[in-house]
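Below: the structure, in structure tokens.
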Amino acid sequence: MKPSVGLIGLGLMGRPMATNLLKAGHEVTVWNRTASRADELVSQGAKRAATPRALAAASDVTLTIVSDPPALESVLWGDEGVFSGIRKGSALIESSTVSPGLEKRAAAAAAAVGADFLEAPVTGGTWGAEKGELVFMVGGEEATLKRLEPVLGVMGKRWFHLGPVGAGQTVKLAMNLLLDLEVEALAEALALVTRAGVAGEKLVEVMQSSMGRSGVLDIKAPNMLKGEYKPSFPLRLMHKDVGLALDLANQLGVPLPAAAAAREVLSAVKGAATEDVDFSALASFWKKK
Amino acid sequence: MKPSVGLIGLGLMGRPMATNLLKAGHEVTVWNRTASRADELVSQGAKRAATPRALAAASDVTLTIVSDPPALESVLWGDEGVFSGIRKGSALIESSTVSPGLEKRAAAAAAAVGADFLEAPVTGGTWGAEKGELVFMVGGEEATLKRLEPVLGVMGKRWFHLGPVGAGQTVKLAMNLLLDLEVEALAEALALVTRAGVAGEKLVEVMQSSMGRSGVLDIKAPNMLKGEYKPSFPLRLMHKDVGLALDLANQLGVPLPAAAAAREVLSAVKGAATEDVDFSALASFWKKK
Amino acid sequence: MKPSVGLIGLGLMGRPMATNLLKAGHEVTVWNRTASRADELVSQGAKRAATPRALAAASDVTLTIVSDPPALESVLWGDEGVFSGIRKGSALIESSTVSPGLEKRAAAAAAAVGADFLEAPVTGGTWGAEKGELVFMVGGEEATLKRLEPVLGVMGKRWFHLGPVGAGQTVKLAMNLLLDLEVEALAEALALVTRAGVAGEKLVEVMQSSMGRSGVLDIKAPNMLKGEYKPSFPLRLMHKDVGLALDLANQLGVPLPAAAAAREVLSAVKGAATEDVDFSALASFWKKK
Amino acid sequence: MKPSVGLIGLGLMGRPMATNLLKAGHEVTVWNRTASRADELVSQGAKRAATPRALAAASDVTLTIVSDPPALESVLWGDEGVFSGIRKGSALIESSTVSPGLEKRAAAAAAAVGADFLEAPVTGGTWGAEKGELVFMVGGEEATLKRLEPVLGVMGKRWFHLGPVGAGQTVKLAMNLLLDLEVEALAEALALVTRAGVAGEKLVEVMQSSMGRSGVLDIKAPNMLKGEYKPSFPLRLMHKDVGLALDLANQLGVPLPAAAAAREVLSAVKGAATEDVDFSALASFWKKK
């Protein structure tokens, strides 16, 4: 019989992940801070838990995917949190994007109560979550991964086992850092040519025929050229992730000058934003006032 | 009959370009500041000019591809420079990477003596120069481009007509800026994961399966992971080009914070370098001392 | 009768502050994570508390001055922490350098148990702490400040009432940010002239006769010119404080490009440091390898 | 008899310098690109030269103080430039802010025609120029300085002999870099406290009682707090000077991360400016839109 799954965090990623688990025949329990976010899933057959604790107590596998470190600390260690209810022998998959250090603390807390732990942040965006084509960046024991692969396989198409707990978030943070810098680079180059009187489309066309070709040019450039920033990967989350990457780098004493500069651009755009936008809206930093 | 071509600047790019022109049956005259660089081409059938002036006087098409703005100013306007010899009705193709402003001055000087002018910086590296697969970023008159396409076609596979004189260098500089920032981004992300104890190869593998995929990951990452920096695009030239891009941006009042940060990394590595290295050697900024 | 004072955190600042309180005739109880740090003060007449809780229970005024936010969270809210023992009607002076948000949480916790709260980070260095000439940056109620002025006056010569709780740390963080940037600016300018072959002393002399004159030139330049970095304000603490300032700025959406760049320099020097150094050791970033 | 002085460049600095020379009894000849700038000086007794060449031919001492490197190149080496007229045995004092390299070229050109050369950029602002209290940063021969001290003493109160030609500009550029970074640092700290709800005046007051005290806090902070940016040292000139300092640093391979970040702020403010402003207007980068 398929393991029951409890899913905490019904944001842009969590909801389609829960839907895919339901479709695949898992018993699914859900919890979200704003309870109404669960309504549609409940109408699809999910159970609603009153608390993270109750959810964990009722599930073979608990999966958390929440928006930031304080939210994760609250659902794991808060009163009525996961660690006050999780069962010995069950498993916890942690898929939020947080610091490697926080994952290590969560892994230790899981071990203390006899639960398996897998660090598994994701990439692939809402599109990947809906299609069940997420990519998981896994940190943890090989055996735990093997045991949980059938569950991961419902939500994603691929997983990379990157090392012990902490390695998953390290790669996830580095990846988002790199992605943000690729978009920053494109935005700076576009600002330059545009202000010099050359159409940005021409730069994109030339770049695509060169070593500078990239997924960002394929996927983000068209909307950046139009100035349309409907959120796919929200800027506020990228801002948080680049901040976490810089925190990690600063703990390690690794200077990241371009990333630090790019983080301030995200900050400025976030500070001026009046609605939720995609992180590629960092290009609006150069919008003529 | 094919036009005679005079080529000034026999560096990593100029030499294979001259070879391809000879192979295609053009009469080719060459000049280089360090005259011995012409020896092999002369043995292949090229004529050696005593001065840029003599070269221009003897050629239907004069092509310049030198290392930096002072070198170009010298070969064009110096005593015995191109503009003291170039014939009315001939054409000048300027393929160095310099500022848009300098190209505009050159175009005006050419017009004053009745010569056609085409701004045509290249991309594609030494490999592209050897295979005759360069890409030209053209600024200038449509008619001039049409007239010179047969010559460009001997050295390159493709050209983009980007606008009036100045547009070619604007796009070229933005392109190199973007390329440098893509490599800087990768270097920062690799420094972070490596110092955190995760193999850089894992980051590269995950990135390639994401929106962050890029030509830089394909072409530059393997050597960066090995710490091998045999020059393909020399760091000293990239440092110059990013500097030119920043100069242009500063003239226009366009802030480029990540590019400015990345330029200082190039500067530090250049300052510490003991031999000529590829620009991807910027990654050695993070080498443990 | 003078109020009894409990002092938590016996670092470079806390120890001389406790000594001055003893000399002024206060009954002083002390606690430090590493208990041996209290030995000398005990020999001078201080009482040793077993826990922060016991210290708070025994004191009219509890003063905390610890190294970073996690240390403060632990002594305030941990098992056996201050808030489990502090008496109604007593007062808590919080003098660590942490985020404004953390001070607000501490103020709310103090209010919940009926204790007065004063946010009072300090400046003046170990020298000021020894001489009783610290400057306090106060956030909180006017009445609470009035009540506690006699205690502050034993340790410092001056206090600025900057607003409600949070304002003190905001100014403290901005101040350290500014101080770090002043030293960074000097280090960059010295690196430039030195590498250009001009003695750094000459730049310092000229600056002092200009609008650019500053306390940093008086106090930090001499040792920077000699490359001597005996810790007065340790680099690891400045690195933490600039990080807190950037965190605050990023929450507020205020881009701080030069501060962000300077933080990475601190990070690089911290990462390469083999012993504790003054924050002016950031100048060793430019040391020839 | 006092030497006759020819002064080229009648900007905010050059005009009061010429007035002081006239008052001191020197015969003064002037030239300015925009000739009408000389009218008032002519009414005060100055002679008007038709060209830099004529001015140099007529003067015992030629003094140049123009706005940027191209302007200097033009007045020195242009048709009808100084070097086509300057007399053997006369002296050239070069007081513009340009690169050390350009001064060295000018020194060599002066030597070639048998004229003495002194590099002598100034500090002290328009106020210092009017009061005759400029400070000169001198590079060149000791004997030349001795010979020209009486002339310098009419315009300034002090001079620093910093080394051979080039050392003066090196220190001048480093000085302006440091000054700009001090103002940038203040602007960032003010932006942070202001956006956090604390009055900027409070930060300034606390800073002045600390090691962070500075001339910039005395002189620039009051106007920055009011948002008044009447030009004393124009932003466009500071932008140029920081650019020259970065050019020098990049030639030498000295990374200047905070300076590079600060230069982009100047660039952004310059790009958005609609009138001439003081360089402290860089603080308007943080103005809420």
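When the chains are written out, they are named A, B, C and D in that same order, and each has its own residue count from 1.
Methods note: a contact is a pair of C-beta atoms (placed from the backbone, for glycine too) under 8 Å apart; a residue touches a chain by one contact, two chains touch by 3 or more.
Since the structure is predicted, the reported quantities are computational estimates derived from the model, not experimental observations.
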item: Taking each chain's C-alpha mean as its centre, the one farthest from chain C; value: B
item: Self-contact between copies chain B and chain D, residue sets same or different by half; value: same
item: Rounded Å distance, chain B centre to chain D centre (Cα mean); value: 36
item: Separation of mean Cα positions, chain D and chain A [Å, integer]; value: 52
item: Multi-chain contact sites of chain D, meaning residues that touch two or more partners; value: 249, 252-257, 260-261, 264-265, 272
item: Residues on chain A engaged by chain B in the complex (per definition of touch); value: 100, 123-125, 135, 137, 158, 160, 162-163, 166-167, 170-171, 173-175, 177-179, 181-182, 184-186, 188-193, 195-198, 202-203, 205-207, 209-216, 219-220, 245, 248-249, 252-262, 264-265, 286
item: Chain D partner contacts - residues on chain B that touch it in the complex; value: 239, 243, 247, 249-250, 252-257, 260-261, 263-265, 267-268, 270-272
